[in-house]
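Both of the next two complexes hold subunit A, though its partner changes from subunit B to subunit C.
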Partner chain A sequence: MKKVLVCLLILGFIPMIFSGCWNYKEVTQLSLLAGIAIDYTDSGEFLLTFEVADLHEMGEKSQVKSVLVEAKGQTLFEAARNVISKSLPKLYWGHATTVIISQDVASSGRIAEVIDFLCRDAEPRLTMAFIISQTKMAREIFEAQAPASEIRSTEINEILDDAGSQSKIVSTPLIDFIKAFSAKGQSAIATALNVEEKGGEKAIVNSGTAIFKKEKLVGFINPEDTAILNFVLDNIKGGVYVVKTDPENAEKKISLELLKSKTRIKPSYAEGKLSMEILIETSVALNEIGGSVEYEGEEAIRILGQKAEAQLKSQIEDFVRKVQREYGADIFGFGQTVYKNLPQVWREMHDEWDTVFSELEVTANPIIVIKHAGLLRKPIKPGD
Partner chain B sequence: MDNQQNTHTDLNTYDVSITLGSSLDDNVQQFRTLFQGDDTFIVRFLSNQQCPEARFCILYIEGMLKDEVINESVIQPLIQTVLPRKTEGGIDHILQEVILSNQAEKVSDGNRLFQGILRGECALLMDNCSEGLVINAIGWQNRGIQEPVNEQVLRGPREGFVESIIVNQTMIRRRLATPKLKFVSRLLGKHSKTKVYVCYLEGVANHQILSEVFRRLDKIDVDGVMDAGNISEYIKDAPYSPFETTGITERPDVAAADLLEGRIIILIDGTPVAITLPFLFEEYFQTDDDYYINYYFASFNRLLRMVSFILTITAPGVYVALLTYHHELIPSPLLFSISAAREGVPFPTVVETIFLLFIFEIMREVGMRVPMTVGQTISILGALVLGTAAVDARIVSAPVIIVVAITGLTGLITPRIKAPVIILRLMLVLMGGFMGLFGVFFGIIALFQHLCGLRSFGVPYMIEFSSLNPSDIKDTFIRAPHWFMKKRPTFISGRNRTRQGNWKGGT
Partner chain C sequence: MTKEVISNKQAIVLLSGFIIGSTSILGVGTNTKQDVWITLLLAMALAAVIYFVYARIIALYPGMNIYEILDVLFGKVLGKIISLCFIGYAFYLQSLILRNFAEFIRAISLSETPMCVIAFCGMLLSFYAIREGLEVFARWAAMFFPIMVFFVLLTTSLTLPWSDLNNFKPILFNGFKPVFEGALSAFAFPFAEAVLFIPTMGSLQQKGNPYKVYYTSLLIGGTLVMLVSLRSLLVLGPEIASLQYYSSYAAVQIINLGNFLQRIEVSVSIVFLISGLMKSSMCLYASVKGISHLLSYKMDYKTLALPVNLLCGLLALFVYKNAMQMFEWAEVYYKYFAFPFQVALPIITLIVAEFKVRARTQNGNQASSEE
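What follows is the complex of A and B.
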């Protein structure tokens, strides 16, 4: 009995002593990485800029600061490991929230390398924000001011979290980018950020969307067009849509708050010709009347809605045509839709999808329902 | 060493025999020899006024008797009553016509007399008679009935058991006025001869459990029994487990309610603590209040206690595991602030946590042992010196203090389960420190295996948590309304299972 007990005890301790602690790491032994910017050096090597949470000078204050560390290397992994020689503990990627890639890297066609590195390693999260910088160097974003938080990566994530109430920004986590990047019949997009200088202070601003074709960055679209893109991609979760009610008078505008929106893309194939119909159902609330637009009663409201529908329709169709003409990149995922709904057609066309896409006939049919007009029943007019 | 050996043998072979003869002086001399060196032993000779040759002797121990009872009901009648001339064999006459006591019996066995004296009864011997009387006039001082400090209730009866088994027995009897209520007595302890009542409701209690209780009680062979703890350690299942498989209560209302459920109560003389059995894991989380207050509130409190139990055993272990293996599971801002707080702390998280847990346990024990008047000093020491100063001096980090505080607080909500909790907590911290969350979960799995393997007098310890029978679980996580509990718990009670009629309450 005693022998058995001793044996059991030893058996119990063996796994603890021999296999226990293999991954033991105190938090203070880690450099907590917040974000990373990827650039090229002049000689064509990768230049990685790490934003590391700096916790060394914190006493009673709860403010966390960040420091920027640079490292070069022929490959990304080499660059990442070169940081260790800079008297920092090993970088911990588990809490990194942002990857910023410079235009140069993105348009040089080496984006696949970056994705591969980020996905292959166990630590980085696939929920990291994937961002293309419109500045010359991606690291400039990290050098900008961050008014809300001392860490720029956190700040950027806060900007992206607000995307819901803005509609002018796309939020592309790494995982979404990879899905679009590797999907057939779809081109990838990514958030684009820029730095603006105002009164000597640099601030991070949303600059729309970066458009990829295959593995290369081909261009950017501005925030206004990004809102239209969001309508097509069924990404609308809130935001404002401004309608010009009178083409002659630019001051006459109404603001509609987007409450709910649902987009369906309907492909149809007839007589050897493929066409797309974008069906949008949006509920909005009337939020602001500019330049004394006349409206009163249900009929007026309905007319307002029709005006908004007409405007949105032409905006979407113009935007799609612009993308077809200028970039030829299927960022709307029309190819995917065809693949899913008309597999026969897709099989015939997928080889020359690029040409098909740029000649695709696209119509938009939005339905805008104005749910309410806020607390006012009539516009307020000046009295006598 | 020799001396100790002697005492021990002496203790074991102490059955002395007294053989009563017909000579009063000889008989008294035998008692005197036994009580030699004990000045509390009182011998009082008396003889009748009318008939001086009728001589008596009263033997007792100082302070154990009610003096007025002995004086007025025994001595006065013996001296003043007119006795028949022939006193030979007249002890029956004395018992029947002279002694004015409700509790007196004739005894021919000298040892029984001797035991009676030791227990505080009064022995009466008579000349020319080889028999004696044992008169019960026990009258020592008892503590008054008070509310038990360890089992206070918000609402409900306020009386608690006292040290006298007779008083305790009456307290239960008052609540269950039925002839089905049985008290079976046993004497435990070679020297202490402690009186023990095994108490049960006939027809409701399970007979197999009952006979098992008697079997285990009869096997006890010790020199003395002081408290319920002594007995329960002898009779409990799984003697090496830190979990109790016998319950305790100091409240007669709890004892009565347990009896009605079919449980068995063991009352022990000399302690206000009664043993209840079988005891299941669930009972750690039940309090008397639960049955007296609104059932929504009671159910909420009970869930609170269970959550607290889980927190108190896992919180430090999970903290250590997260902080040393699973950094990705902590929200970023929290990790940043924990990391900043740990900056400059020289010890690993495991060591730091165990150190603080240890300090907390010391504080708890100090709080128990120290006189009330010094209590304030202790809290100042704990709060200021160990809390603030240790953090400022970077010996420990603030988050650990918070974790230990949560652990301690949630541990205090279920004080009865303290002993296993301390062991489990330490085990889980070590497992967490060695193997991360895997270790913590292995530990929890091992804990469940252990708990599910335990039995209390044949009843599976965790049955109320593992049963799928709705009638078994309505008094576990929640306390169902009383009119829901129509049946007694199947696993405890015997054949008679119906508790109440069909009326649902309300109007």
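What follows is the complex of A and C.
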């Protein structure tokens, strides 16, 4: 009798144990979201375009493909859920790598809404690339061709991962954007991408940096200026720096490969006047001598270094002045530096920081050290 | 009933785990932003003072249970009433931990699972732990504590590339007042909750040193709490760290080594599971041991573990209406609620105990001189 009872009990427990998770999700039942583009519709609703990795045709021959799905809604979350009605399983956000936001959304001042939504939900990750599109609609980026990978979001991430060897691109993961967005005395920046049409094919290209002031997009700066911005923000991990050696002959240029760079921003306050000093220490290698055959020997290299320093100095100072005048947005985080290093000064100035920033005196003092000159002892010259 | 004995080391491990407890995910002193380290140091200094009181009570009556000590000090009736307050606090704290546990898992992964299922799983574990007895649990803790420390150190060292020391600046921008208030909060949760460890200390081996246990644990537990808090601050920056409910989870999410080692935030959950289990089991031990004493040991504490635990799980389900209430309670009101149990009662107990012991030794001396 007792044995029967025990057996019955065990039998009763089996369905509880072996039925598995009650809300389990198999991989085949999930749509893996790769990236998301956020636009407005004409009526002012949110229009989300999801790039979904299509796993159904996975096999030895077929490549992973992506499908674009659209959904509208009054809020982002509503739009994200409306996509379910489109015969697609529920989207899984955990692997999304890219968020692209259109200019309209960014300049309408609703960016806080977007990042709040992305952070509040448990699935999206803070390491997603945060991108502002310079095209009219953000979804156009997803419609462009991707040469390396079938999934555009992955492609974009590869471009950003390579940002290290090209100083002209700024990589802003969501977490970095939020940090700058929520920090005192700093304006946020984001990667800007554009689509270029060439021979009927559309390709994704880097178009520099998007500049925010408070919660609004105020403008874009081009890739060349982005390189300068990266110097100020201490983002330089590699890349090329071109020096014009002769002011009269624009042909004469030298390429320096950036090896290592370190930037410090030093605020100083004297007699009621605040000023900033940008100290940069960069190691470079001489990689290309374009039509400037006179550079050989240690002395010449030293002079070249000085020229490069002078050029970088004026570029940085011009660029900072331009940002101060045109945008008035403290994308360099000068205010943040003051807050951290001169808290007493910040306490007095933080209310009128906008005006203080636009009149701030900024000097740059770069030191460029040329470490080596490649494999050649002397420039190659034509023999007589 | 044979008396259970735990060694000095096991007690240290249990208490260190107890101190980390749910702090590993909730974080402490995030409101004080970049001054969180000052807050924590201050809280630890305050804790060092009150830990002397706790350890002294145990040292005065070695080998005795706190509930027996209370009976001796305050008499059968008053002693039992104080015991009851103490048991109530242990019971309540355990349900809070269960709720934290359930709330965290619901927010992070199992959003569609009913909370009672998650709470039940946590409950089952601490029931099993106490059912097997304190000695078994202490041995288990000694085995798992190094794993927990390993994960804390691993995740902390992996976040180093994303850490920015500038996040410490500026120091004391908002003055000392918020830091002090934060320190009081951090003192109440988690440090002074170690008052509930006193019943466990009743089983400390004869040659064990309660001071050593309390202060070593404060050092180990405090360091780990500090590491977890600093990690959130340095990786996320003060603004985001204070925004996030589960900031240490968010901080570990950032880890990505060469697109290879990433998505290891689950290790935060491992730390929380181990330390949370230690804490909730110690609370359960404190309450069932006390109830067993109230029943004059007619029932063993192991038998009581199940019913008390079930009630605790029920309380956990309706103790807060929602997650926002939970965090507000923990940050704003908890320190006032916990004050009588953590500070007032132990100090009164110690004062009475000192008098009694003095009186006893004086009587003893007189008796011996008369002989």
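Convention: the second predicted complex is superposed on the first by the 359 of 384 C-alpha atoms of A that agree within 3 Å, B and C clash if a C-alpha of one lies under 4 Å from a C-alpha of the other, contacts with A are read in each partner's own complex, and residues count from 1 in each chain.
The rule we apply is simple: a residue touches a chain if its C-beta (ideal position, glycine included) is under 8 Å from a C-beta of that chain, and two chains touch if they have at least 3 such contacts.
Being a predicted model, the structure only gives us computed values, none of them experimental.
Visitor: Considering only the touch criterion stated at the top, classify A:32 as touching first (subunit B), second (subunit C), both, or neither.
Guide: first
Visitor: Thinking of the overlay built on chain A, is A:175 touched by subunit B (first), by subunit C (second), by both, or by neither?
Guide: Second partner only.
Visitor: Would you sort A:23 into first (subunit B), second (subunit C), both or neither based on which partner it touches?
Guide: both
Visitor: According to the stated criteria, A:183 is in contact with first (subunit B), second (subunit C), both, or neither; which is it?
Guide: second
Visitor: Tell me which partner touches more residues of subunit A in the superposed arrangement, subunit B or subunit C.
Guide: Higher number of touched subunit A residues: B.
Visitor: Which subunit A residues contact subunit B in one complex and subunit C in the other?
Guide: On subunit A, the residues that contact subunit B in one structure and subunit C in the other are 23, 125.
Visitor: Please give the residue numbers of subunit B that touch subunit A in the complex, ascending.
Guide: Residue list for subunit B touching subunit A: 323-325, 327-328, 332-333, 335-340, 342-343, 345, 348-349, 433-436, 439.
Visitor: Please give the residue numbers of subunit A that touch subunit B in the complex, ascending.
Guide: Where subunit A meets subunit B, its residues are 15-16, 19-21, 23-28, 30, 32, 34, 53, 55-56, 58, 62, 64, 92, 94-95, 97, 123, 125, 154.
Visitor: Okay, in this complex, where on subunit C does subunit A touch?
Guide: Listed in rising order, the residues are 107-113, 166, 169-170, 173, 236-237, 239-240, 243-244, 250, 253-254, 256.
Visitor: Which of the residues in subunit A end up touching subunit C in this complex?
Guide: Answer in residue numbers: 22-23, 119, 122, 125-127, 175, 178-179, 182-183, 339-341, 343, 346-347.
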